[in-house]
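Next come two complexes built around chain A: one with chain B, the other with chain C.
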Partner chain A sequence: MLRRAVLQTFRQGLAQSFFKRYAVSLTETTVTHQPIETSNEAGERSVPTQKTGDESRNTVVVAPPEFRFMYPEFLPDPAMETRNRLREKLERMDMLQRRSVIEIPEFYTGSIMAVTVADANSPNKFARFVGICIQRGGSGLRAWFILRNVVDKQGVEILYEMYCPLIQKIEVLRLERRLDESLLYLRDALPEYSTFPLDMEPERRLNNSVVPINPLKVKLRPRPWLERWERQNLQGVEDLNLPQRFYDKAEKVAKPWEKYDLMLHYRKTIPAEEQEKIFAEIHSQLQQQELKRKLRRRRGPDNEQ
Partner chain B sequence: MNQADLSKLVSALRIAVKPKPRPLSCPEGPAGRLRKLRATVTALVKYERIELYYPRAEEAQGYAERLISDAIRNGDCHKHTMEMADYWLNEKQLVHKLFKVLVPRYQNYNSSFSRLVLGPNSYPGYFAGTAILELKGNPFPALQPETHNYHYWLHNVLLDEAKKEFRSAREERNAGTTESVTAES
Partner chain C sequence: MATRITDVHGHPSCRLHFWWMLCAVFVHLEETCSSLEFVWNSSGFGLFFNHEQIRTMSRVKRRTTHPPYWHVLKNNQRDDEKISSDNLCFVREVIQDKYKNKSPIKGSDLDIEKTVWDPKTKRSGVIARNIGVQHMWEKDGKKVICTVLHVLDNHVVRYVPPEEYAKSVIGTKMFKNRKPLGCLVVGAEAANPDRFTRQYCSLFDEVGLLPKKRLARFIVTPNAALPPCTPLTAGHFVIGQAVDVYGKTIDYGFQGVVKRWGFKGGPASHGATKFHRRGGTIGTGRDKARVWPGQKMPGHMGSERRFNRGLKIVRINMKYNIIYVKGTVPGPTNSIVQIFDTILPRRRFTEAPPHPTYFPPEDGTLPQEDIWDSSLHVFGSPSISV
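Here is the complex of A and B:
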């Protein structure tokens, strides 16, 4: 009991020090998007709904709407030519099986994570890398994310496949979102924006139900850049201060009609009814896995004693 | 492999959507394509039945269905839906028609909201023929006769019974012959 009390005060002290260090970024609130609420500790977000006017009187459990942001890799690739319902179902089963073995936590682009991979060639047989998630993609078992860090003044990016069996542990050290879905511009930004200590400790979340959006605006290095950032509608970058001809050319090349192209949006996404069906299928299993992990965590310190 | 775009929630369309859109070539390029389709969608919502060439009709059907399904899902207080309606319907009175007439009409539909029927072709020619694109529930007479075959109609009942009798008679005959065969062996 004494050991548990000591651990708790240590974690609180850590949380306080982190809060003081990052209070500036957290208190700036120019939130443009709605914060995504995650299911809290009680896990009571799934409301059993009754099918209206149907013969079946069984309650239908519907996954909470946040699931599509928390587990986007469960949705299949929307390209119609490659859709195969059976393969998708089998992939989902395999994904759940893997998730029962290892905890793949909820994370977003902009979260700082640490990944431990089994590596035969390293002295400890494990390789740990800490970095900020700059992009995530893929669907099904091929879902991946890229972590970026600057090590010894050298920028390093590693692409991890989430369901790779070599991955031993995925920790989210700081769970937050940024103003953009893809932070590839960090490659052209000043190195301080991509540097994170390799021995960073996991931070305690102040508010468990809402994922904070970090409204940080990043400064880019002077040109040349890897991409034409002025042509992408980036929210998380400071004013680029380019000559007017760049912006004129960007306007000339822009496709403003794509904003209104309804069928283009339809072909790029999965319809809501299908999303609901998929998440309803996996919802109960994911909930069970979460509960088991929480029980294991609670029993952990007691077992140690 | 790409992840599905999560920024918008769209309803499933109940028409066959082809994997790739048609370019619908015109001097302005892709902007012109959407301008042409806007005119078609506006006309469809205004007149509820239009006759045009098949490729453009098929493209416009998709956009019309998307517009109506968004209006049903989100209603008129949703900013994005109203922007889309404002863009796709050139006459602003049709925006009112969309939300006040079409949405209540199609609220409980389990099928598509529009119908694409092939129209007359002018022979000879290598071009796609005409098509008639109409919104369901329109006040005009039906284009195609309703061909329903209900099992309780008298002739269907009599036919079903006759089929049953024929089948049972054949089974008896077959059973009779096999018995005679087995008896002989």
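Here is the complex of A and C:
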């Protein structure tokens, strides 16, 4: 079902969104959260909130395009052999149920988070860990993220399953993004880049509609490394200063044609039309949950006594 | 079930002393009295091989690509005829008229005899589709893999009483030395009659059902018989019960010996010449100097009938007709499986299940939409604190 025209617009829209979120500039780079009533800006993929021609009765509610970055685990695994629409729908319902109990905030790779988990072996039965999110993945109820920190000069990484009922609280202490989608290179970086105080306080953001991109370039330790970082096109790492032969070999094994392979990208992603449907389905529920939480927060000091 | 002891490499020096004791135990466990091979080799160890069982199994035909000879031709053999759009509409109208007034009726309208359940009753099974796997958590925080089974639109097509079924091809084999049981033919997934042959549609005509894509037979005791057109839904099963799921395993195609039988193959390096994933020796040179039937070799793997027994039902969704079973079932995602009450003796019913099947309550009250087992953590409930 490769509809070229739609794919074009999808890619344009994706490129626009990506550009906005990933653009690296010397000045502060920011990402805008668009309000729900999206405006038809020039060059951006138009997200109609009303069907033209029909009367206002037939309003089509469409979630903002940022949802695919804020809630990526709602999109199913693209592998066609295991896809089933009914099961995915039921899984989404279960995910929303869980989200009604616990707040799973918006976060990205590079955000500093604190997770409180029920642990039978801990003194107070709860274990809290603070760390930087170096990777996130999985889809549906299997969604996970890895937090990294250096505790007593020992690097520690913990993989948390987002929908596990043992998790009591997920806080985002600093919401920001880095130049890469995966920060696994922090394992080979100097420890100060992965160290965060365990009693860190949540930082208030000045501008709530903007997710800043931290243009930090990390310094790596001297070789040997865990992976061949020179082959991975990392943006968030300082110049590796390797002998030329490493870069030559990297060029030899590189696959520069992959960025032109449309079918490869099509197979790895969910089509735009389906993404719209999925997010439109969950949009209203997520909004309601958000509103309830805001109300609870406002009433918080009174209610909690 | 006793396991086979086959020696692949056949080197006498591989023999260990414990094989003596293992084989002795093996003899007691076996049901069929098969002849044991007892070979002395030069090194003095005893060798027990039981090749009889392998021989019987290797002769059994495990798969076919054609249906049994007594089946009627199912799929329409006509090529796409060039029908005009008007005629196509007319054909659709005819089909609608034919089946309009014969919609399958709810349970209360059927004249079902009130039969009593007893522990020896065999109820009908259900045809479902394996739509994938979902992870759930138990109340202590332990993660479990649950298979999601979507019970399709099952309707009973026919009931064959025991005396009649015992005379059929399969019935004679099954009930050779035991008391015959009845057979319920159940169909699932209604489809457009256009795609089937007339003979196939006639199977459903007497009953007034739209022809079904899938048919299955379930062996039932006469007291669990159901009249034709009875719908079978997810409510047929009870939370917490154990079920057996029959399916055809994933088709891996022609596979080598490492994947198919779990051989170790050869070393990847250290000078191994063209011996990385091969089987090695296939027999001894000494006695019976030939390759034994049943020798493990590359071949077709998968696409075989298998039963996963004793799977616990942990959640039922009555609205969408979904059953969640703890564990995995044979077959790939989106394949058709059959679910029945388990035959495992310790997990059978002690209390009466919905017998002969579930019917929605007559006073019109809707059943609870989502029923969870007591061991599972419900997603809408507060987080687990240990």
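The rule we apply is simple: the second predicted complex is superposed on the first by the 247 of 305 C-alpha atoms of A that agree within 3 Å, B and C clash if a C-alpha of one lies under 4 Å from a C-alpha of the other, contacts with A are read in each partner's own complex, and residues count from 1 in each chain.
As a working rule, a residue touches a chain if its C-beta (ideal position, glycine included) is under 8 Å from a C-beta of that chain, and two chains touch if they have at least 3 such contacts.
Since this is a predicted model, take the numbers as computed values, not measurements.
Look at A:100: by the touch rule set out above, it reaches chain C but stays clear of chain B.
Contact with chain C, but none with chain B, is seen for A:119 once the two complexes are overlaid on the shared chain. By the touch criterion defined above, A:274 reaches chain B but does not reach chain C.
In the superposition on chain A, contact is made by A:257 with chain B only, not with chain C.
By the document's definition of touching, neither partner reaches A:148: not chain B, not chain C.
By the touch criterion defined above, A:178 reaches neither chain B nor chain C. By the touch criterion defined above, A:81 lies against chain B and chain C together after alignment on the C-alpha atoms of chain A.
Residues 81, 140, 142 of chain A lie at the contact with chain B in one complex and at the contact with chain C in the other. The touching residues of chain A, counted against chain B in their complex, run 68-69, 72-73, 75-81, 136-140, 142-143, 255, 257, 260-275. Listing the residues of chain C that touch chain A in their complex gives 131-132, 134-137, 141, 143, 148, 150, 317, 320, 322, 332-334, 377-386.
Against chain A, in their complex, chain B makes its touches with residues 1-6, 8-13, 17-19, 21, 30-31, 34, 59, 62-63, 66-67, 70, 73, 83-84, 87-88. Residues 81-84, 86-87, 90-91, 94-95, 97-98, 100-102, 118-120, 125-126, 140-142, 161, 163-168 of chain A touch chain C in their complex.
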